[in-house]
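These notes open a run of structures that come right after.
Common to both upcoming complexes is chain A, partnered first by chain B, then by chain C.
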Partner chain A sequence: MLLNRDDWYETSRDLDWTFSYVDPNEVFPASWSGAGDVPADAWQDWEEPFRVSYRDYVRIQREKEGGVKAVGNALSRAGVFEKLDPAHLASAHLHLGGTCMVEQMAITMQSRFCRFAPTPKWRNLGVFGMLDETRHAQLDLRFAHELLKVDPRFDWTLKAFHTNEWGIRAVKAFFDDIMLNADCVEAALAVSLTVEHGFTNMQFVALAADAMAAGDINWSNLLSSIQTDEARHAQQGFPTLAVLMEHDPERAQQAIDVAFWRSTRLFQTLTGPAMDYYTPLEQRKMSFKEFMLEWIVNHHERILEDYGLKKPWYWDDFLRSLETAHHSMHLGMWWYRPTLFFKPNAGVSPAEREWLREKYPTWERDFGYIWDQIIANVQAGDVPATLPETLPVLCNVTHLPIGGACAPHELAEHKSEYKGKVYRFDSHISKWCFDVDPERYADHPTVVDRFLAGDIQPMDLPGALAWMGITPDVMGDDVYDYAWAREYVNA
Partner chain B sequence: MTELASRSRRRGLKTWSAFGDLGRRPSDYEIVTHHMNHTTRPGEQPLEMGPHVRGNVWLRTHRDGMRLVVPDWDAFRDPDAVTYSTYVTAQDDQETYVEGLLERFDEAGHDEGLSDSALGLLRRVLAPSRFLAHGLQMLSSYVQQLAPSSYVGNCATFQTADQLRRVQLAAYRTTQLRLTRGTEMTEPGERWYWENDPAWQPIRKAVERALLEFDWDRAFVVTNLVTKPLTDLITVERLGAQAEAVGAPLDALILQNLYLDCRRSRRWTFALVSFLVAADPGNRAVLQEHLDSFGELARGVLDAAGRLLEVSGGQPPQAIVDTVRSAWCDMLAPHGLTAPRG
Partner chain C sequence: MTIIELESDAALDVDHVGPVIRAGRLAECVIDAVAADNPDRDVVVVDRDDYVRIHTRGRCRLTRESLERALGEAFQLEALEIEMPSFKGRLRTRTDEFLWYLTTSDGEA
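After this line comes the complex of A and B, so read on.
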């Protein structure tokens, strides 16, 4: 008879020993473990929220791999891809370019847990995390590689993080920080708990639903399969938060508040436009705001309450930003479309605009007139007037364009001086992130800082595009070739 | 829409542009492994942050400052071409096999029938080996996190996972033996042996010292050329042989199975050594110098191997030491490396 997992599991995590040949503080330096002021024996209370044996893991995951492959085989024969709406493809390009390398980076974050986490229980869980993230990176790569023959933009699944493309650089700045620069405790709070358990949950669930509706069953299936792993390993954040709430609650509050805001800004860039503009109208399930309210706001409020944390001080501003910030971001991204590696959909045809008005009562007032001007220019045959000539100012914390983070067309300047240099921010909240921990962001120039410093030559838009790695075969343009704008002619 | 799709089809790519001119179709393994380390861009900080943050200082010091010279880290290939998919498939098969062993030998009363000397060997060596495996797990994960290429990093990921497999199988056997043999097994306990048995101490010392090697090349050498191959030989391969000799066939078979993981690790390790030696004429000397600096640790581990595995009816201590030493030298020799004199 075989033993039950729980018969032997305790022994498999009884792995602490007393170091006597070297100093344990050097083996587990606080700079990587993040143990800080938490007393060493407090980590005994760290209890993993799920148990899995290696034996069960490889069996279950092998089955999952088989499932994804089976659907993939059936669908590649069916030539489904060619039938997909091109606007929907933009979501796939954006998602793969923006997150595939993040999956690979997450292997290293989990590996950091394996090596430096302050308790062997957590170090063991990191192993499954390493494997999961290897899976996600490889599924994305395999999927995208299949599609290279029909669309070179899928090359950016692998290429994006090796370029200086501004949006990718913003993603990289965030994840390099919280995954690869963070100590174990901060990574658990910022990534496992805030990003994986909250935001990627939404990203994957929402994108999977939209992809299914768009007929992209292969993609939808892959996203859902990845999400089942995320839902499991994201739970590593909870026991860490529990220990911290006992011994260092202020650190937990600040780490989560910073990560929550930075995640919000990033998902307003990655997910907001994909959900409210790129997904074909008839296939939209929920608006980005509705998804945020249901999946992020409720969820985050519940966690904060369960663990005795306060709502972030900026909570009301955050809620207000859900009405407008991703619309500003979308407008900016579409305007700067030559700087993107995919073709964005403007998503403001008369019918789509109707939908936006219904979902966002202030949309017409805040953004309608700008799009009207763009439409007028397109109709007058003056597309160049809808294209950028300069680069936007970028935030020194989020590396996203300044303007519109909290209110549309916000003009207030947010800046701080630190060690003789001036830093600019997209909001008073990003400024706060900087002010509480300036060393983290200091001396890290934005694309525009580098442009102004002369790092990018020639100093014009083509020079910047070349520096960003944008080649003609991927350079963004309106995905429907402005057909939506011409629909207004007879209106 | 159809027009759009067909227009873009003409501009399609055969494979990742990152392969450059590969001259052949890349394998599935290469497609999902290639060029997935974004922190080694020439002229840029490793991480997209300021130069003074901890992560950048660490990577510049411990990875980019190493003395190995490699023009193209992404040219390395794992001879087993392991991907996530092939890993979980292969390991599921191995675990199914081991599960079958556990079931079969449990029904046959394997543990009830163990002689005192066989039980002693398992209590003293097999059970405490989970601490060693945990040490190797930490060491392997460090090799992953500073690896300059995803081809190397992914090998280390699977090696890390192998160690957890070993931890859990050791815990499983320990629990079984405790249930059937009671205090014969629980006293003085695995941790006591690991921390106090003189024959274990050189191994524990090697693991603890290895955990302080933060430069990537030194971490790779102390982990994959010294501590892991030596302790794999002693506590997996030779322990299995001893278990077989004293009538513990279940453990002999489990260890033989675990040794397959050790051999896979050794294949990529020495493929990498070969790759490094070919990449630059100076690399061999760098590796040898690192090896030599761990000579004393290695000699301690080797010398204690006989005492650790000594059991009546098994291979005699000196023969064990000789077997392990020559097996280790045989791994190094083809690459022009010699076991350190210590």
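After this line comes the complex of A and C, so read on.
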């Protein structure tokens, strides 16, 4: 009689031995394991919620891969890509440029789990996580490579992280920190729990639903297939959290509160505009705010509470930011469109504006008058007046533009002095992130810090664009060539 | 026990737990299996066209036996993952049963 997996599972994964001639602390240095003050035997309680055996893993991943390839082949024959709305394409450009190399970085993080995690059960799961992330980076590259012949912006899937484009530098600053430079425990709390169990659902499940409605079946299918891996390996975070809640709950709370805010700001930049402005109006399933309430507030946060974590101390400000922060970010990104490697949709035609008013009751008051001025300038034939001449101040924690992180008209200065230098932040929350661990952020200059230091020459917008690697073939512009603004002339 | 299909903009109960399955035949069968495996609870279904939330309050069981009956063929629960981009709640996976749960819910059994 064959044993079923439950019978042999525990034996197969407990591949550990007692070191006789090497100090265990040298084999698993705390600087990599992150075990800190947690007693060594506490890790025996680490139990993975989602069991995986190598035989099942190979069989299941093979089937997933077959599904993604079959859909891709069928759609490329049908010429579906050529029929997509150009506004939607910005979501795919932004996604692939902003995340493909994060998947690649995640391979390194998972391989660190394989080698240095403080329990063999976790090291075992790290193997699968490493293979998952390899799959994701390769899937993105294959998907993008097939589209290169019709759209050079897909080259940024591979290229973006090798440039100094400001948004990409913000993504890189976050993941350099929590994936490449974090010990196993911190990476589990910041990446597995906060990003993979929480925020990636916004992009890989919720935005995938928008993309499916927009007819981009291939990309939608790719996203949700990737998230089936993420949902499994994100579970490495929970037993780690359980051990920390027992032995060092303050550390868990702080690491998660920092990662939650930094993720919020990043996804307000990545997913917010994609959902509320780039997805064609008729295909929007729900607003960014509604998806955040579903996936982050209802789905994610409730499980953390079940482990005894408190909501982040800035919870009320986080909820307030859902009303406006991504609208501020979108306005800024559209305004600074020459600094993007994709074409953003302004997304404020009369019909789109009505949708925004319905979903966000204060939108018109907060943003309408700014767009009205832009519309007036376009109608007067003065497009140059809608383009930037200088650069915005960037936050020294998030590397994103300062202005409107919690509400559009709350522009009080947030700054800290550390070792004789002044650092500036987009909010009191980012300032708190800095103040509790300044070494982590100090001396990582933003694009604007470099500009002011004279690293970028000539010191003007063309000089900055050249430094960021923005070339004419990918430089951002209004995707509909301002047709939406002319609709107001006839209204 | 009832299967309740929520309007897409209806507020979700924070204590609901269970799988999120990509739309299709498997999702329909998981709904039937969850209904059979949780006779004391309402099954709440939220269909967002591309993905379907299939939840019960506090504790949600899914057995291989019920899912195979709904599908009409053999199925290994591990393969649920292929169509499951997310799930809500703590999880415990065994060969014959997946269990999603909360330890601090009044719906916990």
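Remarks
One rule holds for everything that comes next: the second predicted complex is superposed on the first by the 487 of 491 C-alpha atoms of A that agree within 3 Å, B and C clash if a C-alpha of one lies under 4 Å from a C-alpha of the other, contacts with A are read in each partner's own complex, and residues count from 1 in each chain.
Here is the rule we go by: a contact is a pair of C-beta atoms (placed from the backbone, for glycine too) under 8 Å apart; a residue touches a chain by one contact, two chains touch by 3 or more.
As the structure is a prediction and not an experimental result, all values here were calculated from the model.
After alignment on the shared chain A, the placement of chain B and chain C results in a side-by-side fit free of clashes.
Note on the composite model: angle chain B-chain A-chain C, taken at the C-alpha centres, equals 80°, rounded to the nearest 10.
In the superposition on chain A, A:285 contacts chain C only, with no contact to chain B. Residue contacts after overlaying the shared chain place A:107 against chain B, while chain C stays out of touching range.
Of the two partner chains placed around the shared chain by superposition, chain B is the only one that A:172 touches, whereas chain C remains out of contact. Taking chain B and chain C in turn and counting the residues of chain A each one touches, the greater count comes from B. Shared-chain residue A:227: touches chain C; no touch with chain B. By the touch criterion stated above, A:149 is placed in contact with chain B alone, chain C being left untouched. By the touch criterion defined above, A:85 reaches chain B but does not reach chain C.
The minimum CA-CA separation between chain B and chain C in the overlaid arrangement is 15 Å, rounded to the whole angstrom. Put simply, chain A uses residues 59 to touch chain B in one complex and chain C in the other. Looking at the complex, you find that chain B touches chain A at residues 1-2, 4-6, 8-9, 11-18, 28, 31-39, 41, 47-56, 83-85, 87-89, 91-92, 95-96, 99, 102-103, 106-107, 130-131, 134, 137-138, 141-142, 144-145, 150, 153-154, 157, 160-161, 163-165, 167-168, 170-172, 174-176, 179, 191, 194-195, 204-205, 208-209, 211-212.
Here chain A touches chain C in the complex through residues 4-6, 49-51, 56, 59-60, 63-64, 67, 201, 204-205, 208-209, 212-213, 220, 224-225, 227-228, 230-232, 235, 238, 285-286, 290, 294, 298-299, 302-303, 305-306, going by the rule given at the top. If you check the complex, the residues on chain A that touch chain B are 1-3, 7-9, 11-12, 14-15, 17-22, 26-27, 31, 53-55, 57-59, 61-62, 65, 69, 81-82, 85-86, 101, 104-105, 107-108, 111-112, 114-115, 120, 123-124, 126-127, 130-131, 134-135, 137-138, 141-142, 145, 148-152, 155, 158-159, 161-162, 169, 172-173, 176-177, 180-181, 439-444, 473. Contact residues on chain C toward chain A in their complex (touch as defined above): 8-9, 12, 14-15, 20, 22, 48-51, 76, 78-79, 81-95, 102-105.
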